[in-house]
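Report on one structure; see the data block that follows.
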């Protein structure tokens, strides 16, 4: 086994996008959030991901968000820019914008909306990489794009220099493990998990890092968790992970049967950040709705229980 | 039962988007295709739909396509413009562009990529309608957006003046029938089926018209089919429909296991149109691939069998 | 096109299985139900289907049910016996029992619980047919077995004499139409739809008959509907079909979010039959629950509205 | 946290069911397989599970299998008997047979084939437990039954004394972790994972044991793996787990596109056991097919690579 030197490791939160009550980007809050995360010790920022409401932002808003993040980060950590679009040329448009705005790497999913064959997913990543300069990471998120990236396919793309890493939000443990094992022959390839509730287990397998939506709310907790994992202190890691699982119950604050899973998740993250005073307003983008007072109370109770408030 | 006066009836093909071998929009071919359809007697053109490769076109390409179509149609039939985007504000950006370019109506799906609750789907359509002037049609396409529009919800949106019609590509017959029956109390509400293989059956139930992808290839056939239905000549309708089903086998021309369903469909439509001499090139957008010579031969054989070549 | 002489045509209700409050088979009610159906003019009885709660009955109960039905029918119409089991040898056990009890034909689904390849589905039907004497019908019910029977595969099985017919409850119209068209070369092959809400449309396409769960409640309505279709009186057919759709709203009587789809359907059929006085008790099998008084009231209201009470 | 004393821990393989070339139970091979497993140090035997081809065996074959296993085990370890049936009364029939044959515990899934609400799943387990004496374990296997058991629901059933444990084959890590954490207040409740490729990670979280299909082939490997986990020697655990992952590639021996997932899995286990000389014949039950010579060669190569041959 060669020595691994992956470019992306540690805690890379998929940063949320603060908005005011009218849905306009709140750039001051976004800058504060960047500092909140970087000060806590995160090793990268993933902008315009699912938690960043990329699918809800107009082209102009996406550009604004990226400008603000790159400016606020100011080179302290790498900025990975989501280029999450239905197909190749649309993702390339986002990739060119990201490069022009100073992002350090690109993150793309499989095509969606369309019915796509694995050979077309392969072509998608190869064409994006061939037409751009920045490193490209593959984002495996079947819950959103309704297809699964195959571990063998990803490892082949990595071996060919097409992708520099993967963010795995598939929940497919055997597939993730195949990536980790395969990556031992690919020293620079980064294998990141998106599974915020089992980070200790994924690190035990050999993951390089984590992209936790919940890391917006408690970046320091995830930094401690990874430090414990890196030291091999699995008991401490498990304790920290279980505290974060208690925190993760904020995603159950939404009144059942009244909003979708995206609202439950990103809505709770924004609600918590507003309660913590990091951002001014918890409003999510249309067609999502803001949390009610009752729901906000539930989030507050969880934050108090785990000691964040 | 009140007299029905729906705004959109008859044959409204979801027009494909011709490209050259480099993936650039072929405006001359697109203009010829518009004439081919209008001359055949279609009663509307649905631009930037799934068959129009909307999910594959950049923002600039979408604008170009709409400009060309509106110009070429020149008011002979209404142009419905797809505003198929992940969420509300993104769809609104497309809606504003469509209005500026002279489209006559808007077509939007449920949100996708995100996990969305029915109450959010409802808000999505209401917000789009509230912020635009043009009539809005709902496009029910679970195969692409992975949620189903509920008939009761659509009828409530229609009763409230939010939507002017629906294009149903769900394959859910009982739901479609609920729409047709409910529409009797909504005289101006258009109920269009996207099911090109069972148009006679849907017209028997009471549909107002059809949006057939295959109508790109044989618009005259669909016009004849609807005329037979409107006369109540169900034997003639069935004969024409079965001929179109034989034609529909072009979607099986693609080599099994080598390309996705979107390629099989839109790739075949474009291949057929190129063979018919209506458009210059059959190239689909990335990450799709062009048809091989063997696949093209299969399309040609079908066209010959049904008498189009 | 050769003259068609399919063995199974017309209205073949999937008869429900009356039980007492303890879940024991109520044979007297079952006999009355048989007479209710046969007297209304049905052309066959499908025993031990999904509506017959086959998946809820013990082996002994299944045998009892079949004995009672065959006895009560007494040769007036053919009895088709469901052999709905996870795999081949288990279905064969049911097939042998059905033959011994005097059934006229067998009905089998694709395997379920297991993950099964089309080639294994093919072997499943071929092995059942090879080891039994009675005619075998294929039952396409993806909602229960989670795989879809392919039209080409079914037509090949029919051409080889393996299956004598198909009951299609898939909702896949193009696939059903392929069956109907293909069956023109297979004069004895029966193509039956299970879609009680669009029978007129399916007959227009060329179906041979219908297996309607709702036909338990209003067999005379379905008999009239088919007669209108056979006469080509599509207006009368549509009127009868739409009346049956209003009746079909009994499946919405169950309180939302309190019971599964099987309870909503078969529970409503039994509730209606009890209200009509055909059977004594509406109790469904465990783990389903009986309808509440409120739910029963909703069923009664629908029965009154359509003139059955 | 109270001291945990779960009844079922360690390695509990879901024993396969050897057959001869005609599909008859090979009782001598089954007895040898029992000894092979018990001699390797397994702590229980799960009979009539998915790997045991329960869904493929007739009632008589299931009884035979259980008789042979209980006899061969002869009290050395507990025998858990699958009562995997579509609904409550059918599962109860199996439970009574299992009790009569001397099984030590019962294992039941959620209902399948039917469309079932969570409240009905709850009633299913409660009714089985109320009408039987043996301890009952819940088997969460969405890939087969197409519904997911909810962690909160399972913990409530455990707290009420309805279930004594769970076998989790869902692949839902956060849900599994909720079970593990919740089980700390339920000292006798057994939380077993079915995920043979990530056992170290599941044990790190706090699982009580594993039910590995692959444990049929290399029970000693899984015993070593659990011993390493129990000692907290995570490096040794990972090494053993990764060796077992290499062995697990036997499930890819089947020629792609020629057989279903059940054949790929259970077929490979039986093929390996025949190559190892533990059982006489690798034939799986209809409609599965035996492995070809080429496929058998691939299994042999893997066995050699990991040192089992």
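Note that the chains are named A, B, C and D in the order they appear, and that numbering of residues resets to 1 at the start of each chain.
As a convention for this text, a contact is a pair of C-beta atoms (placed from the backbone, for glycine too) under 8 Å apart; a residue touches a chain by one contact, two chains touch by 3 or more.
Quantities reported herein were computed from a predicted structural model and do not represent experimental measurements.
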Option in A-B, A-D or B-C whose residue-number contact pairs overlap C-D by over half: A-B
So the centre of each chain is just the mean of its C-alpha atoms; given that, what is the distance between subunit A and subunit D in Å? 35
Measuring from the mean C-alpha position of subunit B to the mean C-alpha position of subunit D, what distance in angstrom results? 49
Going by residue number, subunit B touches two or more other chains at 257
Viewed as a graph of touching chains, is the assembly arranged as a line, ring, star, complete set, or other? ring
Touch list for subunit B against partner subunit A, complex: 23, 50, 55-59, 61, 84, 86-90, 93, 111-117, 119-121, 123-124, 127, 143-146, 257-263, 285-289
Subunit C contact footprint on subunit B (complex, rising order): 171-174, 177-178, 181, 195, 197-198, 200-202, 204-206, 232, 234, 238, 242, 245
